């Protein structure tokens, strides 16, 4: 199969694009994400038809969607942001666009994109984590995406790392994404700046002067300027991210981890502390080969490219 | 391939047995575990030759050994009990017995045995945990044993469930096996009996009257007699076991978990609380199919049978 | 000094009452709590003047207020509910009512009330905890209220019992009141009912059928009907309450603890599990006398009575 | 009363000394600590008689002993190192030396010494912690030693800071002294050096080259040479020490904390991170006066001097 179409359903916009066999995006179309389930279907169809005009030979559609996708890759069992409950997304979009459709969890799609066309080159057993608002991820074993028996594997963000810990939007407590994500980073910085404002002088000056006004980009900038609170916040994030990767190594034993998401855009500023924490917590570290911890390469395109490629594979 | 030989290297004895294609053990031979690495090789060879006398047509040997086994299933990188460090076990035993040898982590072998011939019937995606002195396990994905890129996957016992928690023999802290294992169960009972001896009157009467004298079998017997401290100890074990299974469901999404090891011999006395705790902590439980939590069926034979079958597959 | 006036500033109403030397309340006046700092001063003055009409010989006023009160018992440094920041409450009220005024933290006042006229009879070293919306408390050492050097001792609710634990309104994480309070009890029940609705059938039937609709009184009623989720929720509360009391015993070594607040209205339903947990976690329990764990006796009157008595002492 | 005798019973030696009203030690005598309870009594008597020769006018004896001392300051209820169980220490020593004897917990005695003659000058509400092998402490409220109703207050080392945390010699789990003490510091360094030996090159070079060979003095020396593992180990110690002091501030609200014990000999190397962590975790820090965090001044003499002064007070 040659060209396919990838669709990435985000919280604020829906992006579609035609992708070739090498993972290159040939064109794209973006529309705001509608607020109703029906509106989203409609928007997906419109975006797909839009990008297909230039490439009428595109043969299939891959959709990356947040939430639980069933093992047939057809139905969204539950979506956290859109009000989808057992939504037959594959059927509805196929009826609209007249092409075969594959639905995949968005983090799985992004992991697949990185594995095939990004940082995963040369690896067959890869675990990806995405440090964004939350913490998502995907698993590739023996060159295949591991979806689980019911299609809902790799929900990394919700493994419990602190018993009786922070409340999570999922209803549970102590979930990993409460400690290792862009949101967690901001909380670390805000708490520290509130408790010791003197030490956070530069960091506070980047926003509106209050701890609550600190945003992710302020922390990155302050860390590059050696602000102690910003550096300490990244270090705290890295403690939790690296310790979790060590657990995933004990479970999956991949040859490489790929770390993506907005937080990873900072490169070694965040990757190096994560690697250090990973080595610190890796069990049996002197008796086993160590997985590499790599920065993602595709940025925000990973999901669209990955979804398109999964559709290509059918 | 027809008959193969399984070998199970335990802390106190080494067992070998000829196993047929249906997982039936046709004969066995047991010898005490020698204290030197060379002695263990010798004992394996002797036991294999012993069981081969009756079945000269046995075609291969599968060995289950505690520790890290490399991805070629040939070398034991590190064994916790025997002083093996990068021990070329496959080559040495092949030279002695003149048959092809496959080496596997013992918990992986046991998981494979249960999957093929025990509680795993009808499932293709299974995660097994073994609650013995420690906590071991194995992963079957798509009908295949998941060994990891370097051969050291499924080290369940050493994922961190309590930051800054109990010291573990592995050098880390807060490892799952410190909270969910036969050893943990005994600690729970001993601590509780020490703090509130009145409530543990029956339990204490089964041993030498002191908290330190409480053993695993006492706790089981006392629990069947409704002893509150014994029941509370099982409940504590189940809290940690079930919560951990919920994490594994988020990661692997299998169709079934199999719980083995000495603790699971108590059946529903321990399985039911584990199931309850699993449901309590399963993230998104109302939106996803639930994996079954099954009791292992093969008992102590799982490792030997599994190793033999892995040798059959080559 | 004979009669004095106690004032209890609550979130919804302000109560004043004339109290005699035996802690008997002779009359009371209640007004809704105004929303402005000035309004609250006004309302206090009105309520005091109201109750003084019948007892013109009342000689002093004691005010119990939530928040930090300075070591001179004159200024509210910070109040969580009313917008008081360094509010000179003593001076302002004295100007209005023409009587000497003493300001005290409300939990300290309640502790003093229980110590003098309630469950504390016969004890000179008492630690009180109040399990209400949050967790407050007071310390009596050698028959004297321990206020601390700066007046802000006994903030029990905000000691950290879970590192990296639940967020607290105070800005910190893992505070005791997030685990041992009426609010925590409701969270325990809601979480459990959400995860295992079958087991919570009776409990859910008492509210609107949803986990979110469960209220404290439902849990009490359900526990009395042996509802397993309600019982388990009380047990969880008791685990944290008792473990915290064990810590306080290591620190203060009182002869008695008094447990008050709405949760304690359930009596032995909650006190017995707390006592059990206290014994479970008390360090060196076999080598030391055990403090008693007593139920408070004055209910909601403790604060008013205690504040009045503190004013009597000057 | 003028001169009194202080006795400090340590794990390896017993020291006695005559102390004047200004806390000056006029002479001392030291003997190895015998292994039997009777031997210890004998050794105390000998040491007291020895120092009394030069100062026959010494009027009383104060003994500081590890363990629980009853509220009459006469009987050691339980001593962790010496096999004392309900030992009538006061009576036995009085019979031998013919002087009135007061027995006090050794950490209480040291706290009293620092309060009266060391870092506590000018403060009336002081909490002392001693970071040695374990974590001990003492409480001074209103210029008086707070002993508790049964004499066993201020057992700081055994408050629980990590639920389900490290095992403690007391039988409980997660005790503060497992995270904040000289022993904890060594464990931090050994774990880190084992996991990341490259980063600990200098630290490892100070001992025998193995993580197990790292001792406390190596960590101090390495930290002064900017060794990252040593610095990180002190920082970890300080995280736990400072967070615990913040809890003690919420409970006791002293005007000053005094930090003693071998770890505090490093001065600001350890005090500054502790102060930083204290400010980080102090609840309501912007609305309350902050207690000072001071280094102890008397070193190992605090216990002897404090015990002598407590005897002076009768």
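Which chain is which? They are A, B, C and D, in the order written, and residues in each are numbered from 1.
Throughout what follows, a residue touches a chain if its C-beta (ideal position, glycine included) is under 8 Å from a C-beta of that chain, and two chains touch if they have at least 3 such contacts.
Composition by chain, UniProt nomenclature: A, B, C, D = Glucokinase.
Keep in mind it's a predicted model, so treat the numbers as computed, not measured.
Two chain pairs are in question, C-D and A-D; the one with more C-beta pairs in contact is C-D. Centre-to-centre separation of chain A and chain D, using mean CA positions: 50 Å.
Chain B and chain D have centres, each the mean of its CA atoms, that are 45 Å apart. If you average the CA atoms of chain C and of chain D, the two centres end up 34 Å from each other.
Shown for chain D are the residues in touch with two or more other chains, namely 162-164, 171, 195, 281.
In terms of inter-chain touching, the protein chains here all touch one another pairwise. Residues of chain C that touch chain D in their complex: 68, 77-78, 85, 124-125, 139, 141, 146-156, 158-163, 170-172, 175, 243, 246-248, 250-255, 281, 283-284, 287-289, 291.
Residue ranges of chain D in contact with chain A, taken from their complex: 163-164, 192, 195-196, 276, 279-282, 285. Touching chain D in their complex are the following residues of chain B: 162-167, 171, 173, 179, 191, 194-195.
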